[in-house]
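Both complexes shown next keep chain A, but they swap its partner, so chain B is in the first and chain C is in the second.
So, the complex of A and B:
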């Protein structure tokens, strides 16, 4: 894209003719003739007017978001759909980096400088000339050309001020060449009153400056509004993790936990297990960790419940129980969604909740006794109101 | 109108609910990951001993936490029943001819789980006998019951060759009171005095 060039001409004044160390003024008897002579003299003696040279082109980088050229030296594109947890596949040309307080959606673009007279160099700055209307939900970030722009640490918030723009190509700048820079949108968790879901857009102005003469010689605008703009979605995530000193939780479909060999007397609990006395048998207990995360919700807390969605094949021999603390008390976990056991109704996003899962093993003997392997499934449901 | 529909379609695409793995979801307010829990149940048996409560006095059954599992000390004994010992005694009926019995009650606590059958036995056998000249040996209550013995004749030597069944079909978790002691013979000769020890092995079998 060819961007606007300033008609910023270097003013060159008519030189004064000097003679014998004195300034001599020319005198003509006839005004018309004098004017003609003066014109020719000017043509003969003046240096050519030196216009500010150089052009400045913004374009899509390979693998970056596609831009379409608009009128008036603008480029248009979009980051597409985003969420604070970085869930899902980002838009075309966008890479998402989940962070511990949001997600960074980044892309690359190219800056090409041509036509600068040697040894002039160009620096480039940028600022957000029209920010997102929901600045708590979407934050424009920039990465300078000196960086690889592939990590969150390479990016920083882009200035909103024309008077204090963000450096994209640092001074002394570049000669006639193409460099890549990074553009990103940080989507913070942003729960609570400032939460937002929907479509928003922003515009960025980039300015090229000839650092040899400190003249701005071109500007460009990137409009992140085409064809839709930036769509912020709410997002939820609930993961389980192994607690310190607890039984290992293995990611699978979705998670699994193996109590190993158990018996009705609580002999030899495996690593990560402790036994707790219980009427009619024993409870093998382990701590585990719930990790809720959610973004773009009005509520700042969530409710987590669990129920036994698939019971053991021997449901009177093996029973899943829940406790808030290791010693208990351990209560049977509900076996239907309607009777699900509430773990908490105040789960904060990005928090870690340690809970205790108990496996009751009956000590029954005789015909109803059971030896062998069995399994059950717990379904955890997190709801952000 | 056509433009309106285009915009509407784009909006619907953007706002449609997208769910990913069971742990994550977008455009919705709920997510439901699952946790599969597995375990293998094994049958188990347990037999513990503890100090009795039935007799007048009790020699303590002391768990060692190692080997042997428990100890019981009858104290200083003699064939004439002169010493009191640590708990109860029956003096010899005929001093110098019959044996003195120093004895105590104790409790057996059998527990078993996930067993197909509930029939069971507890046996006792002297697996390490007192050293020669064997002027002292282990005895048990002949009745194999919780009835407190009334005389020296209520005791029988515990076998050193085959296990003696002392409990049959006890309920899991029940406490079984029995009596054990040492009989001191009036034998004379070398090595008949001094500290001596023997080991009795109790075996719970559920089948």
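So, the complex of A and C:
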């Protein structure tokens, strides 16, 4: 695709030479003057000013967003659907990098400079000429051609000012060749009043400058609005992790905590377990960590509940309990979704909540006593808000 | 002496290193599930099916078997969310929604795309609600040793709020409006109850403007949006942290809701200290 070029720069002009107080070309006073003017004109036509030459092309990079060329030197495309947690498969040509405060959706594009006279070089800058209408939800970022543009650290926020654009191809620039650069949209967590879900769009202007004479010789525009625009959606994530000093969360098809050998008297608790006295038995306790994360919600807090979705086969001997602190108090965890135990209704995004899971073991003797192994399933539910 | 200190240093470093490794190993064993979008707010044409996509991600190092569970979404007398079985709550959309696929395995650090197909009835009016839970499936059968095992699964919910196009009727009622004038220990606050008498959900946001005796604006504040399902009554709170000189004032409470609707009340109050 060929980009818009400044007509006034491309046009080849006759040099303006004054002679006898008159502008040559308008009137030739003497034959000698006419010859000189013709000689200058010939030179000018054979070797036009370098800044008046050169073209600048923006195009899709292999594996990048498939841009479509529009009129007037524009390219149109979109990153597609995005969220602050980087969940899901990104749009065609887009790579997502989840970060600890949002997600970076990046792509590559190509810049081709042709027609520059040797040894002239071209530098390229960019700025956002029409920013997203929800700038707290979508932030345009750029990566210079000197970088691989594959990591978040390669990108920085793109300037919103024409007067102070972001460098894409640094001076002294490139000769007639094609280079790749990076374009990205950072989707921050952005919960609360500035949260946004929906479609937005932005436009970027790229300018090529001949660094030999410091003249801009072409501009191009990338429109991130086609066919729909950039879609921001909400997202949630819940992580169940091992707490320091607690039982390990086993990576299996599920996440299991094995309390090992336990008894109603609390003798010899295994590593990661502590015992807490309880009426009628003993509670074996272990800490664990819940890490909620969410983005693009009006609410800045999430609710996490838990319930025993499958009780122990011996539900009077073994009972799961929950506590906010190691020493307790430990309360029985609900055994239905409707009676789920609320762990918190004020969990901040990206927070770590240490909670204590207690296994009550009855010290009952006689016919109802039990020895052997048993298991139960605990289901954690997270919703925002 | 120097030798002993050196040995201690090495031992200390070794212990610290092992501790760090243990901590890292523990956290590496974390399991993490995500869902996007986590809230779907859609307007539909009664009788016309539509669909939307969801993605779930398994950030763990092992594959996770998952299934989708659809429940009602309503509230109880304490305004707590209630996720009951499909069709058991008012304005349930749970039975309208079909998930494809509804059982699947997500590989380590993998993503699964799902499609929710909604078939609303032609006589739908107002708002309808459901929750799409993506649940990791526990395996209760794998052998344990002597111990007592506790398996955990996760449910991550996507709230679905649907509204039948052209059938919504909006009305809210404000009551128990109370202004607490600013004092030495606290700022100004406005509290009130809001009843959503609409047949659909609203996300009202309250704004308060404080005018002095000469009707000059001296303070303003606004609340966050809050979700109200049909018939739901809940409190709202607006707070302004500043101070006001002694005098008579009027708090103008404006609650914006629906597409472009507002409800206003004026509450006179005095600052005496």
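List of remarks:
What we mean here is this: the second predicted complex is superposed on the first by the 337 of 385 C-alpha atoms of A that agree within 3 Å, B and C clash if a C-alpha of one lies under 4 Å from a C-alpha of the other, contacts with A are read in each partner's own complex, and residues count from 1 in each chain.
The rule is short, and it goes like this: contacts are C-beta pairs under 8 Å (C-beta built on N, C-alpha and C of every residue); 3 or more make two chains touch, one makes a residue touch a chain.
Just so it is clear, the model here is predicted, and its values are computed rather than measured.
Partners chain B and chain C, once the complexes are superposed on chain A, run into each other and clash.
After overlaying the two complexes on the shared chain, residue contacts for A:364 are found with chain B alone; chain C is out of touch.
Once the two complexes are laid over each other on the shared chain, residue contacts for A:228 go to chain B alone; chain C is not touched. By the touch criterion defined above, A:151 reaches neither chain B nor chain C. Look at A:240: by the touch rule set out above, it reaches both chain B and chain C.
Using the contact criterion defined above for the overlaid structures, shared-chain residue A:346 touches neither chain B nor chain C, since it reaches no partner.
Of the two partner chains, chain B is the only one that A:281 touches; chain C does not reach it.
Legend: residue contacts after superposition of the two complexes on their common chain; A:338 is shown touching chain C, with no touch to chain B.
Applying the stated contact rule after C-alpha superposition, one finds that A:380 touches each of chain B and chain C. In the superposed pair of complexes, A:192 makes contact with chain C only, with no contact to chain B.
In the three-chain model built by superposing on chain A, chain B overlaps with chain C at stretch 152-160, while the rest of 116-124, 152-160, 170-178 or 188-196 show no clash. Within chain A, the residues touched by chain B in the first complex and by chain C in the second are 83, 85, 87-88, 197, 233-240, 249, 252-262, 294, 297, 309, 318, 320, 357, 359, 361, 372-385.
Against chain A, the residues of chain B that register as touching in their complex are 10-11, 14-15, 18, 20-44, 46, 111-118, 172-173, 206.
The part of chain A that touches chain B in the complex is made up of residues 81, 83, 85, 87-88, 197, 199, 227-228, 231, 233-240, 249, 252-265, 267, 281, 284, 294, 297, 309, 314, 317-318, 320, 357, 359, 361-367, 369-385. Residues 83, 85, 87-89, 192-193, 197, 233-244, 246, 248-262, 270, 289, 291, 293-294, 297-299, 303, 309-310, 312, 318, 320, 337-338, 357, 359, 361, 372-385 of chain A touch chain C in their complex.
The touching residues of chain C, when paired with chain A in their complex, are 23, 26-27, 29-39, 55-57, 59-65, 71, 81-84, 111, 113, 131, 133, 135-140, 142, 144-159, 203, 224-225, 227.
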